[in-house]
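For reference, the structure discussed in these notes is given below.
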Amino acid sequence: MSLPETVRLSPTPEDYAYTFGGRAPLVTVQPGTVVELTTEDCFGGKVRGTGDLPSQVCVFPYLNPVTGPIAVAGAEPGDVLAVHFAEITPAREYGVSSTFPHFGALTATHTTAMLHAPLEERVWVYELDAKAGVCRFRARNSGFTVDLPLDPMHGTVGVAPAAGEVLASITPGAHGGNLDTPEMRAGTTAYFRVNVEGGLLAIGDGHARQGEGEVCGTAVEAAMRTTVIVDLVKGGGPAWPRLENDDFLISTGSARPLEDAFRISQHDLVGWTGDLLGLDQLDAYQLVSQAGLAPAANVCDTNYTMVAKLPKTLLGRARAYDGLHDRLRRTAEAYLRHR
Amino acid sequence: MSLPETVRLSPTPEDYAYTFGGRAPLVTVQPGTVVELTTEDCFGGKVRGTGDLPSQVCVFPYLNPVTGPIAVAGAEPGDVLAVHFAEITPAREYGVSSTFPHFGALTATHTTAMLHAPLEERVWVYELDAKAGVCRFRARNSGFTVDLPLDPMHGTVGVAPAAGEVLASITPGAHGGNLDTPEMRAGTTAYFRVNVEGGLLAIGDGHARQGEGEVCGTAVEAAMRTTVIVDLVKGGGPAWPRLENDDFLISTGSARPLEDAFRISQHDLVGWTGDLLGLDQLDAYQLVSQAGLAPAANVCDTNYTMVAKLPKTLLGRARAYDGLHDRLRRTAEAYLRHR
Amino acid sequence: MSLPETVRLSPTPEDYAYTFGGRAPLVTVQPGTVVELTTEDCFGGKVRGTGDLPSQVCVFPYLNPVTGPIAVAGAEPGDVLAVHFAEITPAREYGVSSTFPHFGALTATHTTAMLHAPLEERVWVYELDAKAGVCRFRARNSGFTVDLPLDPMHGTVGVAPAAGEVLASITPGAHGGNLDTPEMRAGTTAYFRVNVEGGLLAIGDGHARQGEGEVCGTAVEAAMRTTVIVDLVKGGGPAWPRLENDDFLISTGSARPLEDAFRISQHDLVGWTGDLLGLDQLDAYQLVSQAGLAPAANVCDTNYTMVAKLPKTLLGRARAYDGLHDRLRRTAEAYLRHR
Amino acid sequence: MSLPETVRLSPTPEDYAYTFGGRAPLVTVQPGTVVELTTEDCFGGKVRGTGDLPSQVCVFPYLNPVTGPIAVAGAEPGDVLAVHFAEITPAREYGVSSTFPHFGALTATHTTAMLHAPLEERVWVYELDAKAGVCRFRARNSGFTVDLPLDPMHGTVGVAPAAGEVLASITPGAHGGNLDTPEMRAGTTAYFRVNVEGGLLAIGDGHARQGEGEVCGTAVEAAMRTTVIVDLVKGGGPAWPRLENDDFLISTGSARPLEDAFRISQHDLVGWTGDLLGLDQLDAYQLVSQAGLAPAANVCDTNYTMVAKLPKTLLGRARAYDGLHDRLRRTAEAYLRHR
């Protein structure tokens, strides 16, 4: 096995994108390329302490910067752009979280419009200890502290949308984007349908960890150093982003209301399962109904996201995308070992 | 430790209830009593083979029979009725599932009203092997089979509603009812707010297993032999049903749209966590946001249900309801050992 | 034309019902009977001035009293119980409205659960001038006043629910109940499916007027003196309540999310239109799409309600329920003239 | 009164835009300019008979062409771009409507994802008689015909979105776009917040008429000859599009679920009413609750749209935007008289 080509991508502040679509690629890579990249946190790195209120230190719409876009040579509409996360490491020794005026699941928002004044805007700073694998929560209004498992991931991963649309990086959808699912961790392969030449992958919004649903609207936001392998499958692009890890097939759906996000993800998983196992639609529906998992990803963004998971133990010898995940997983391990 | 008093409850067909509320208790028990009970499946046992279409063999509204109600001596409005599931065992060697006209998450329904004809009504029969711990799925339109882990649970557990309401047993809500969460398995304690004298607990709708979301509308439906301990805490009844197992605090919310079910469950978990850890509301909101899990329970019933889970490792020495779950767990183990 | 039999129904405070279902009838009438009845306002008459905050003077669940139930002789499940509103007159010279903690469309509620403190609870008293046909709004925090047209109606009209359910009078649904549509005014006939012997009609929650959507959660709440004609059609009960006035066929749908209420009402109107005009489903769908109106009824109750309206000018000679509305309208006019 | 400057805009097929944002202006006009423009129907004029199924003759994403964008000289972010509809006249003697696979309110869609096959795709052709003011519906599966009032309007009117987004012309939102409300007829002034230099107004999707909710997904789609006056108010741009006619103030909200569209529109109308009448928030909330109307606009597009209407009779001498609507109305009448 020869190691893949490697590209490094460390954007300057001017390089960051705040949309999917509408931007020329920063770099074009061949399928199979390893990309070592850095990402800034969703606040652009401007929230560094509990006194840095996001609504004061950040300037709309310069929130949630993404690194990219990365064009993949040969990617055409309808193809699958695959991105395998080999490694995601916090770039600083802290992460931050906050409430934000009229953003989150348990507050009135600009669309769930109400007459309430915003909740208090409050910032929490977490110490990240990569060696110990923990991030430390400190209550702001009491002495309580507790260590949570470090579980680094990217909230925002996607490609340029279809139909000439340009979408803010805070929006999740059929193009991916701000899915905010904890499943987007190292060891996972994500599959996106290519909508424009080159696909135009971008990645950002690292989280040291997040709960399912991201109920307060932000995770433990952290700048990241991330290693991915970018690959391409001709044809067969899925209607909605899919993920795969060693244990699960994972479909995503992003929409409102939340039951539509659920429906999309389950509908996709039923189709995917049926295709892999040669089941008709109702038999696949039945199998997913009894064997599937359905955690919330985010219930705070401009679309909500649910994921639908099926244990790969049910698949027998069937392999999604011809075993691409397994190959990328092995390549990633080899790369990291020899780096 | 002396073993608790034991009551047996095996309803005849005429005994089954189809509502929460509106029924006199079948039995009154003292707090701490073990109840060994049997439940029929949601089809009233009438679906026994793939030719038994539910819409033909069942008669609306005689669906989803529940065993009970069981009154708890001394239970008054505002109290907590606790029910610990010691054991849930399939009563037959098969379970059944089906699609059902205009019922389920990926079909038009009577409320998500559309012009589509119903999906095909199809029945699946699962072989249950309690010893091997598996239930076998057989595709109807191909030779595919696969063994799924047996994971017995009750879809429907609740008490009489508040405000004099009587609700069909297929409805989940603040009174519990048809929550259809796989968390309602042996080893779990459920807590309900008492709304009427005696509380009036009823239990039914056993599932040999179910996926999260119960997307096709039915689980692997099975008659059960179930052992519970019924207990009472004076005062402190939660607004919505709560569950606890050895590893998690679990809040539930049942509403439409699904984000409201999510909001209720997270709101309750934020309050519960804050109470147990002495955190103010925003600190608890933050902690739950980063540490919580949020799987779907059902997205097919008359209300949808989400659960919100917090790992008990975060609680330090704090114990919900003064450690009631641990005590019931130990009592249940002792009871089962000596039975 | 001989005048119909007349029954008077003036409940004492103990007579009021707070649910649909679960109550014995106060009176049984023959089809075609005129009932002259009185109703209390949704606060039970306890809010009489701006200092009477509902959360302090009312006791849950004793809200929204309804007058009835009225059994109709011969009514059997599946029939149509028709109620024609001949006259609705405010019983007092004032009406009241209020915000109420965690109730309304622009506030967090117990199901759209959030961390906000309730909005201010504030009461408005409207002077009602039946002769001038106005109700006067007075701002509480400024000297602004304005006269609004008096437009008396009943928010809550319904029958006993199906499947043995008993539902709080604040809930709208397939049985009617708290529909809170301004269409329920004098000159309108409402049609309900009978679910139990006698049907068990109840009426309450008079509004001197209300806006579409009832956004703050309450209308100009007023005790009423109301004259209805109660009638019966054997068979043909509609799945959801329907209304008819001289100008429109009106279908209702009550559900969450609001698009499901919309879907139900449109689905019913498509079916009704197709039946009356002999159109197939898609032709009726098309006609309703271009000719229908779709105002909100309430977006604040435990279910939301939308109505779907079709101008009767499109119907040619077709008449709903064999022209029952026209006959009841004429009878009502004769009755009122000769009373 | 001198007549305003006039600009004519008749796009060739290559000129049409399919997005809001992402396009250079076709023309730049001074505030107060009359623009006489033509628009193609939502099918790009390709559906001309009942055999022209949209899914076969149209090519995604080349649906819903809009005419523009039109830049307004001096328009800066935060300003109000006002567009008064002086005249909207069907350009052909027919309009068309259709069902479309997985589009509409009473069908499964790509986001309300279900397992149903699409409904039948069927086209209806309406004869438009501008002189008689009618459009004639002909059932496809029977001999039924009926004349509906002609009520020409534009479904799609908006400006470039904020935050660098480019949105498909089928999407309604804070930038306007595909609001699909019958209120957008001649005699109405629409107000949009300017998000980019010039504002970049575009107009399309003429309807000979539509029902509220546009339940089947399409209206009586028609190419139009339309006269507008485009104007500018410095500062004060509303968060969501507003409309005004001689009788009503109208706020819009576009979101999912439908209750959020309702909330946005009501929230905006409460604020607008309070500003104009000097009422505090709760007094304005109360007044809108009792006096407002709330019809559906569309319940089929990528966001749903509700409108909130307040009778201008309540306003006394208060005038929105300093009486701009009245001035534009008079100017339009003078222009049309002297043209």
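When the chains are written out, they are named A, B, C and D in that same order, and each has its own residue count from 1.
Criterion: a residue touches a chain if its C-beta (ideal position, glycine included) is under 8 Å from a C-beta of that chain, and two chains touch if they have at least 3 such contacts.
Predicted, not measured: the structure shown is a model, and the values here were computed from it.
Q: Which chain has its C-alpha centroid at the greatest distance from the C-alpha centroid of subunit B?
A: D
Q: With chain centres taken as the means of their Cα atoms, state the distance from subunit A to subunit C in Å.
A: 48
Q: How many angstrom between the C-alpha centroids of subunit B and subunit A?
A: Centres of subunit A and subunit B (C-alpha means) sit 33 Å apart.
Q: List the centre-to-centre spacing of subunit A and subunit D in whole Å, with centres computed as mean CA coordinates.
A: Whole-Å distance between the two chain centres: 36.
Q: For subunit B, give me the residues that contact two or more of the other chains.
A: Within subunit B, the residues that touch at least two other chains are 106, 112-115, 119, 256-257, 263, 266-267, 270, 282, 285.
Q: Graph of touching chains, which shape: line, ring, star, complete, other?
A: Drawn as a graph, the chains make a fully connected set, so complete.
Q: Which residues of subunit C touch subunit A in their complex?
A: Touch list, subunit C to subunit A: 106-108, 112-117, 119, 257.
Q: So in the complex, which bits of subunit B are touching subunit A?
A: 97, 99, 105-106, 119-120, 122, 124, 135, 137, 139-142, 144, 146, 148, 209-220, 256-259, 262-263, 266-267, 270, 277-280, 282-283, 285-296, 299, 304, 306, 308, 314, 316
Q: Would you pull the subunit A residues touching subunit D in the complex into a rising list?
A: 18-19, 21-22, 60-61, 110-115, 162-168, 239, 253, 255-257, 260, 263-264, 266-268, 270, 281-282, 285
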